[in-house]
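What follows is subunit A paired twice: with subunit B in the first complex and subunit C in the second.
So, the complex of A and B:
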């Protein structure tokens, strides 16, 4: 394995130095990629169709903006997908079985999301590894989502509720994503709280010694994540007129992929919410673009799309790693 | 000194450069048998680089190394050690989760017996012999994390003697030793010398050097200043050579001693009364510091000084009252201490002080962010202004406020930490070893600033284990001994000898270590708690199900548990070596698909089945190795890599299947796992074999133990020449191979291949490993635990079916089980402490 040792040693000993413009260079390939794929879409005859196709990716992006902050602190939350499913089912059950009004049920779902996220935060604060703790709650919340309604989907929400699925003709998911994006940019990059996140991700102990309230930061972040997951669930119910217990399986991986492709360090301390938006743009353009193309190109099937996304993820991650080492 | 015999070790013209730094610019050194050779120099002079080259942890860029007359190039430290070059590092790098005995044997390569298996009885025998040398009671089976630093160093010295070492390198060996222990060390040095070994002795302590050394070599800025016989040099000369300027100009800074009477009259700024640690590291501490006063706290390492400081700052639970300017303060968290006007500069700059990857600005303003925010938003400009201002005041040498702080030198880094607390405008400043690892120039500057701060009215507590530092720079010296204040001195009227004598422990070392051994033994017992608890759960549930359930089939249970045990081991083998693989489910599908493709070929089943099995296993192994290679070559975290390959492998599977499930596999293949005619469960047999082999590998072979070592402490493993580059291809490959076994078994049991096979199994596999007690941070976990974890998971599942809970709710159970296992472990560890 000596060549591996040589090559990985070579990576480690890359010379230090460099300036911030290199960081901008790091963004270049994505911008190019996004442009190229936009060209593909220019061939689509009904652009309105695109908006609809994009909704699942916008949901992923909404979650990715919050996940960015969590990963920045050195944490991770694998239970997002399960939280979306669970809060969706909570809303459905409160409305259907407990006779709550749909608005009250939605509020109940948000509360459930905050509680589920808060439990994640508590476990992490208690000293469990975030990876393992949220792996456990991922299964737990999924199990609960299936249990609360006996494993069946719930449909038939009132029309007034379903009407809120669009605002000014655009699916509400886009509005939520915009709101969360703005909120997270402010929180992560322009507030004291965000500075704390970076410090914790770089060196948790040093942050603690510098009087950073590490427990509070973690508790708040995981709770926000639960809240946003619940919001996604409520909007999802509006859109599909259904709460589905096995929805969003595997979403956590897509969310993390957006963050990583964006160039946020998986071990924390480096990254940005804007980068996650770019990560989302790259992955979703590729996925949606290839979907459109596949109607014309026979060889471009579902599996080659999967493979392409996997390869892209690794390549972009390697590129980021190298350009960050240089800067 | 026996100059007539040839040198044992010769280093000739050794050069070594790091990017941007010449660590060693052509240094030569001869070590003769029976000589103690002292190596002195400031921090950054190149001492540690030279040691690393001599002991094989680092290769020189140029220059030659001769050992007993022949040229050598050590491939790794183990090679040097087996030849007789033993290095005792200042802070011995240990594998905290491995036993004391294994740690001792690991350095020299584990002894083998028979067919490549580790000879454990020899490992333990040798360890006990070594411990007997020291004359202290240490259980060699306890995990090394339980050892005190002093014991770690003593054990290394003792094993050097037992190994008949020819060259012994001692790097700051007395820094963590008490007076009694240091005397023991000096005896051992004398003994080694009498045996004809050469000793390279690195120390900052002048009196030790002049007491022990035969010759002295001074390094400065990577170059040798001179090498002389001890009799030919005086202490002043050595210091001048180290620093490169006359010693007399060093200590006498204008700030020196402030003898002005105003200090005595200043109001009491800081008062701690009745401070007692919850964990017993210090008791009944009463301390007062006046405004403008610098109080030095002197004591040996472990006397409770740092613990006291941390308790005052709210980092450690303790009882007692703090008053600042007479107002009692409730301090349970660092933020509360900060609000009360207390600041704390921690002892370890790198791990406690700085966020190395972040810019100078972020580090400097981290504790005072609220002051630089406008409304709700943080302002980078104002943060930069604050940084520039404080950096200018402390004369920090840096390029820009956005420069990562890791690019600064040690002294400047320390000033950044100090600056962070100056920005908080503290009324009480506690500094814990503020000049450790800082060069002489920066040291003097830091002391000058402390004096200036005191003049401005700050109360300063200066904690140090360097006696000259507190004697020269404090107005009053408080001596800590064994968690209590042993006395208080005026440094102007007291000789250093009296202060030093007071700091020495009274409690005999034997009593202390006996107590330590007792608590360690009870802690060691806790390790097998996990497996015992699991075993009881498994036995209880199994028994209850067998008795209460009609048609409960033990063999069915075992068949399913077999699959999960194999998957759990696949996850565990990767995790133990500090990796993680979340593509296990896709690898299972990939190998099952490969096997299925072969089985569909138009040949006779007898021919195809072995080929299919082989294809399945190969596909799994290749996928696993590819994960490792991508992670290593790309320099990526394994989560990221396997997140990518998870989709790639799944895409491959779908492509291989062409979108349709594969059915109609030869029935002979199905009989491999379960033969309905004879009732023979091939799956169980395969799992038993796999478990046995993996157990032998992980617990009883060198490479298996190396994986544990790597997981336990990558840094310590690096010193032994073990790296992720060498071991990850093996562990990830094994993970892939086991996923392949699971894939083939699943194919045989299910008799069909569909695209979603194994999706999400990676999480269950990790769950089995975690329930079985594998630590997600590596280095800990057993094969038995994983097998029990798999059994428990299946049993609980059966129990749920028995209770009429639907099969869909497995997730709920798996989740609760992992949580329960984690919380139990956490509670257990907390209770032990």
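So, the complex of A and C:
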């Protein structure tokens, strides 16, 4: 327990008064998580295979850890899903059409990710609203992803590359997620850089006056996001032996949902990476749990699961609003 | 929690609750007595008539055989969503997974690991890569030869029913030039014409792509370019209604015979107004029914090539790694209202 305490210490501040009332409110995500866990584990017969089920959500989580930092500064990046697709296609094309070795192509994908993220950062630094800038690049990168290989998905990667899809018996996505999580916790909660992020989200103007290098922070964060998106893409290609141009449509919404459900303020200034892990746990367990449950309940179709998740998001948003007004 | 319970006691309480409930969940999931076969069937997507019809057939067979059937798929025809669902079903311990893949290649590794972890994997409607996926069988709805031959036969019948002679020009409107289904059917159509109706003259077929507008324009051009045109086939579900519309717009109903492969729902208006007399498609209800029956049968042992009865479907041909649904279904003004896909 204590490591959680320590990690979120300094982010959490306990305003005085109304403790018991807020304690009940504070429990909401945990109650949801508990219900979701119950849903999942009551339906599972082969728990070892749950690891595979979680891979898509771990990818979302990996992106959410970086997104948390971006949202803390008051920004947002809608182009993550498109960046994953684009960098995956860049790798595939470099390997298939340009004859690069698969390792070089993977490095190329990382570079492309850094460039794509860097462009996002540049646009934001230039004064565009992050929402508008990344909405534009979301379309741009998706278009490029579809164009580079003529809309076709690429398969048939070399076996040595595919073998790296698992490390010590579990999908490599988990290792990447752990690495990114630790990295972001250190960056956001245990460095001067992190304090700049919070300051910018709190009051951008004041942060500028306080000599926070706003442009540098934004440039770095959006570039990291591109890099991580590219890493997700490379590992995805290892797992599925395919790079798909229309992959990860809508991923950005899942990513942002994890951050927000965790309790990080969408307007920035408050929140933590650990909270996004909680958000990820709640949403992913509910999604998987409902999918499992649908094998028992015929009416629980893909559409009605969407409705359930939507209602959950509204609930949590209301909860967030209320607890923010409280403090 | 940040907005209040900074003490962490609620967090500890929450975690304890989580652990407790998870443990409870595990107990619920413990060994279950029922040994009913659990089959998961995944269409390319849910919410369209065609895959609702296949579900209807699958449920019918599941009732007859008293097996547990889960029929679920993505809301968009996307491979990543299918993979997610298949991985979920594996953790739930399903015995059989029957897949209509959106992408025959990209899904293959998932199918292979599903097979390796003990499930019986089969494909239906569309095959996955057989070597990569190692699926056991493919339930094939489209015996290509039967479809090619039937298309030519109903065209010949139609022209003769108008009291005209068969000799004249005929045109096939396909989709994209590389579509392998369509190209195979055309091969069998040419074969049938050569063997049975040599007086039919085939023009160079059109490949306007899967684009309703282009299909219609190119058909309209052909209608004015070839005065001796007797009949047109539209052999994709996109080109067929487009051809029918072009013929109707050109006021050639009754003078040009139109047939092809299409969905009753989309073709109903053209059958009602006489543009199209007959057309064909396999029966998707039967496809779902057969898939479930085959899944059930395969759990009892291997299925060597031969002819088998699967419930109400008699004498179904089984080849090496493939089960063939019987001859295609023919729709006309008499029966088209019985189908809603």
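Simple rule for what comes next: the second predicted complex is superposed on the first by the 290 of 327 C-alpha atoms of A that agree within 3 Å, B and C clash if a C-alpha of one lies under 4 Å from a C-alpha of the other, contacts with A are read in each partner's own complex, and residues count from 1 in each chain.
Operating definition for what follows: a residue touches a chain if its C-beta (ideal position, glycine included) is under 8 Å from a C-beta of that chain, and two chains touch if they have at least 3 such contacts.
Because the structure is predicted, anything quoted here is derived from the model rather than measured.
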| item | value |
| --- | --- |
| Partner chain(s) touched by A:168 [first = subunit B, second = subunit C, both, neither] | neither |
| Which of subunit B and subunit C A:303 touches, first, second, both or neither | both |
| First, second, both or neither for A:191, with subunit B first and subunit C second | first |
| Which of subunit B and subunit C A:270 touches, first, second, both or neither | both |
| Which of subunit B and subunit C A:141 touches, first, second, both or neither | first |
| Subunit B versus subunit C as contact partner of A:314, first or second or both or neither | first |
| Which of subunit B and subunit C A:155 touches, first, second, both or neither | second |
| Overlapping contact positions on subunit A, where the subunit C interface meets the subunit B interface | 1, 4-5, 8, 11-13, 15, 249, 270, 301-303, 306 |
| Complex interface listing, subunit A residues touching subunit B | 1, 4-5, 7-9, 11-13, 15-16, 20, 78, 123, 126-129, 131-133, 135-144, 146-147, 151, 186, 190-192, 194-196, 198-199, 202-203, 205-213, 249-250, 253, 256-257, 260, 266-267, 269-270, 301-307, 309-311, 313-314, 317-318, 321-322, 325 |
| Of all residues in subunit B, those that touch subunit A in their complex | 19-20, 315, 333-335, 337-338, 344, 346, 351-358, 362, 365-367, 369-370, 373, 376-378, 402, 407, 420, 580, 582, 629-630, 632-637, 639-641, 643-655, 659, 723-726, 729, 759-760, 763, 766-767, 770, 776-777, 806, 808-816, 818-819, 822-823, 826 |
| Subunit A-touching residues of subunit C, taken from the complex the two chains share | 1-15, 17-18, 20-22, 24-26, 28-29, 40, 46-47, 68, 70, 72-75, 78-80, 83-85, 87-94, 103, 105-106, 108-110, 113, 117, 132 |
| For the subunit A and subunit C complex, residues of the former touching the latter | 1, 4-5, 8, 11-15, 18-19, 21-23, 25-27, 29-31, 33-35, 37-47, 49-50, 52-53, 55-56, 153, 155-156, 162, 239-242, 244, 246-249, 263, 270-272, 275, 288, 291-292, 294-295, 301-303, 306, 323-324, 326-327 |
